[in-house]
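You will see two complexes here that share chain A, one where it goes with chain B and one where it goes with chain C.
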Partner chain A sequence: MVLDLTMSMAILALLGALATIAGCLEDLESDVGSQSNPNSQVQLAPQMGLLHRIFNKAISGEPISNGMSAVTGGTVAAVLLNAKFYPLTAIVIGSFIAAILYGIYATTAYAGRVASQSRFKQPLYMDIMRYTTPSIIGHNFIVNFCLVTIAYIQYAVLGYPFSIPFLALIWGISVGAIGSSVGDVHYGGEREFQNREFGCGLNTALSGRIVRKAESGLRNSIDNVWFCAKFGGPATGIGLGLTVFFSSWPTTIWGYTWTAMGVGVIILVVMIIMNRLVEINVKKAYGPYKEDKEEKEAGAVAHTH
Partner chain B sequence: MSEIKEISPNNLVLFGLIGGLIGVYLSPTLPIAGALGAICAVIWGADAVRRVAKYGLGTGVPSIGQIALGMGIIAAMFGLAIMKSQPLAGPVVAVITASVIGFVIGWFAQNVIKMKIPVMIRCMTEIAASGAIIILGYSAAVAGNYDFVNNLIPLVFDNGVILFIFWVGAVAMLHPFNACLGPDERQKRMLYLAGSTGASTMAIVGLAAIMTLGASGAITMLLGIVLWLIFYKKFWDEVYNDAASVVGTGLIPKTEA
Partner chain C sequence: MVFLDPQTLIDILLIGLSGTLICLAVHFIPVGGAPAAMAQATGIGTGTVELAAGSGLVGLITSSYMYAYEPNASMPLVMAAGALGAAVMLASTMLAGGLIYAYGVAVPFASAQVKKDPITGERQDIYVSKGTQGQGIPTICFVSGVVGSALGGAGGGLIYFVLMQYYSPLISTSAAAVAGVFTMGVFYVNSVIPSYGVGGTIEGVHDPKFRRVVPKDVFTSIVVSMLCGIVAILIAGGMS
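And then the complex of A and B:
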């Protein structure tokens, strides 16, 4: 379908908005279950004698698990579209079935991992299972809905020569990759090790020594989402939204021409320079990290064991 | 832990290979058999992943599942495509091709990258072969048979369902061991979980088959849901058995640390 410039820009804005929501919710969803980077620390904690009440959603890395839910949503939506459902109904039902499947995988991951840690006496908390799984399903549903909608728009409106499941899978992998690289930093390093100095890195002696207690009571995965929703989630959303926007904007304005390619290269160069400036400023402001005394002792104790 | 009896790898190879191929070969008369064969292959593949990943591949488990179906899809397409004139030989050629690819990759991992995992070559071969059967089985369940040109290309490849089979088939195979990872992992629990992931994939495959085959897809979907419920329940029974304790709620028990 050929669109005029205003309409193309409107569609581009819509895609960018959907991608922003998807990216934000994807990161928060991975934080509900402590997936990806933080997961290894949650997994290690019981071995260090630190039992916890945090959900352990070990489905796989975020790109694979989100690819799974997105391609499931896309496939079911394609089946329903084929059966002459309204597009919105088809996308909603497809996303919902995919989110349920994802939730099932999440429950088996938590139950399976905890059951495999029985020698460390880690209990399986059913209340954590009951109120964390719906949260995972809810977040994942919104992610699926946004991604399958993007795939549908690309397929039906923009006339991409790929099927809906294919586009949904690619978007699922992208959102997982960006959620993992942008968002994780704000959970894995900061929330689980918030009693350490900012930027201290993860000393081997600290492995598994995660923060298990909240401001009042014991910390659970929902508390972690609350923390991540303040910065990690939105940052991820902006990351994916900008990726979508800047990768499509030149071709929307100038079409598939060399001018568009040139503009793309300029955007890339500007971003590289900006990243470098941020890095230099951060290094100036915080300097290299100095190991403090307590950690040195902890390290020494760990070595003697 | 050694007193717990495990199913031997050889039996699981036979189960996956024979069950899977019977399923694929029955699929022209009974499409649902393809999906059942694929579940056999998922169970076999999950055990092969378990044996190789036990050597401390933590984050490597998902990668193994992905490479399995990557090798599997190439081999499956190759086998079916070059055997167009002799369609009966297609699945067997696909499995043999997959085994060869798996063997070569396993050999490289062992001798070039020097991963020093004794079961590497055997397991990579098994993983690739089971990956090929997973692709063949679920595809046959959607397309109605395993005829590459007339059925698979228009009914599975063109509409993108193959991507679902490729991706979710890989997760179905890698998830059971990944989800049960830990020092007290038990084969029985993992195998029930493999059945559960295979059956839930079968349910969605059945839904896709409603689009391509009509009413018979609904039977695949319903049987998939029933099988999933059975395996999921069995998995949970094992969890209740194996976990240190299953509690409604409560504080963290006191430990030495």
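And then the complex of A and C:
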């Protein structure tokens, strides 16, 4: 469907906003449920003799579990749309069913993982399961809603050649890939090892020695999501928002031409420069961990002469 | 015999080539796996399959839209659209991930594989924290990742283009669905092959592992992707 430029830009902005919310909530869901790579530390802790009260769910890798959840929501929504439901109702019902399904997987994954650790005496806390699972379902519902809405807009308004479930699947896989690459570092690299000096680097010898005490009482996954919502979640949202916006922006303005591709290359160059600026900034702010051996030797030689 | 038709043979060859392009592309992407998620290795903190497929599929969305709305779109333009989508996805991910390493975990970016960054010429070894294999995404890794994802996206765009040319006359309305799902399948096949070669982590084009594993993985990928190409043509036998 061909829209005028103002309308196209409005829709693109809406897609970007939805993607930003989806990205943010996806990461927070993976923090409250403890999924993906940082969960290896949660899994490892009882084996080091450190029992904890953190939810331990890893349904699968984030892209696959979110892809599954989004495609379920997309499929149900597509079926309801076919039965002449209002789009908003269809998307909400589809997302809700997918979120409930996700919640079921979360409980079985938690119970299964903790049961496999019974030889390390890790208990299965029923209160943790009772009040963390609804939070997982809630976060996942918002992710599904945003992704299925993006898929619906792309299919029904913009006229993409793929169906709603397939588009939802692709965005589910992408949001999982971004959440796993961006926000999880905040959870795995900082929150789980928060008792170390800030910026000291994380020695591999520390594996499994996660922080188990909270600001008050024992730490659980709700405390973790509170912390990660301050930086990890929003950064993931920016990642997906930028992806959705800038992957379509050049072709929306300049059409399907080589000029649009040239603009895309400029965007990429700007991103490379921005990353370089961050790199320079942090190296200047934190400095090296080790003294330069050559300089030290040169200094020592100069001193002896 | 349908296989002896020169056009069919060219199609199979093109699918084989683009699959190989995707496999090669994965080696360029700096994946640090689980250690990188704890800032214990250089690169992006997730697996090869997740990243390559995630970025490649965004490329598939952009290239399919280009193919659907520009009837005169040439093969290079569809490939470029795929490359753009995939590269933007990976660049955004690395940029946002870099912010977390820089200000969330507070570690300077450093590669453990080279002493100096080949692009900026900056020392790397002194910034590697104790007991780790580097951390963050230095410039060389970022550039390598952007190039790699663009190659992968272009490969995905090429498969989609070839399959659409082949399926459209047979099943006009559903051709996009079949071509899209098949392209996704080829993406996954060719993202898994390199993960055995690189063993979970690779920093990009400057990593010594790159030269060591690329020839073997590319050869494997050629064989497997050609097989995918044959299957893609075979399934068309039942279309009418």
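Rule of thumb we're sticking to: the second predicted complex is superposed on the first by the 282 of 305 C-alpha atoms of A that agree within 3 Å, B and C clash if a C-alpha of one lies under 4 Å from a C-alpha of the other, contacts with A are read in each partner's own complex, and residues count from 1 in each chain.
By our rule, a residue touches a chain if its C-beta (ideal position, glycine included) is under 8 Å from a C-beta of that chain, and two chains touch if they have at least 3 such contacts.
None of these values were measured; they are calculated from a predicted model.
When both complexes are superposed on chain A, chain B and chain C sit side by side without a clash.
When both complexes are overlaid on chain A, the residue A:Thr133 reaches neither chain B nor chain C. When the two structures are aligned on the shared chain, A:Ser95 is found in touch with neither chain B nor chain C. Judged by the touch definition given at the top, the superposed model places A:Ser60 against chain B, while chain C stays out of reach. Put simply, more of the residues of chain A are touched by C, taking chain B and chain C as the two choices. When both complexes are overlaid on chain A, the residue A:Leu50 reaches chain B alone and has no touch with chain C.
Once the two complexes are overlaid on the shared chain, A:Gln35 sits clear of chain B and of chain C alike. By the touch criterion stated above, A:Ser221 is placed in contact with neither chain B nor chain C.
Using the contact criterion defined above for the overlaid structures, shared-chain residue A:Phe166 touches chain B and also reaches chain C. Of the two partner chains placed by the overlay, only chain B lies in contact with A:Val76; chain C stays clear of it. Once both complexes are placed on a shared chain A, the shortest Cα to Cα gap between chain B and chain C comes to 5 Å. Residue overlap on chain A between its contacts with chain B in one complex and with chain C in the other: 40, 61, 162-163, 166. Across the complex, chain B is touched by residues 40, 43, 47-53, 58-61, 64-65, 67-68, 71-72, 74-76, 78-79, 82-83, 97, 101, 104-105, 108-109, 111-127, 162-166, 169, 212, 218 of chain A.
Of all residues in chain B, only 58-59, 61-62, 65-66, 158-161, 163-164, 167-168, 170-171, 174-176, 178-186, 189-190, 193, 196-197, 200, 204, 207-208, 210-211, 232, 235-236, 238-239, 242-253, 255-257 touch chain A in the complex they form. Across the interface of their complex, chain A is touched by residues 33-40, 44-47, 49-51, 53-55, 57-58, 60-62, 64-70, 73, 77, 80-81, 84-85, 87-89, 91-109, 120, 122-123, 125-132, 135-139, 142-143, 146, 176-177, 180-181, 184 of chain C.
Against chain C, the residues of chain A that register as touching in their complex are 2, 36-38, 40-41, 61-63, 154, 158-163, 166-167, 170, 173-174, 176-178, 180-186, 188-190, 192-193, 198-207, 231-232, 235-236, 238-240, 242-243, 246-248, 250-251, 256, 258, 260-261, 264, 267-268, 271-272, 274-276, 278-279, 281-283, 286-292.
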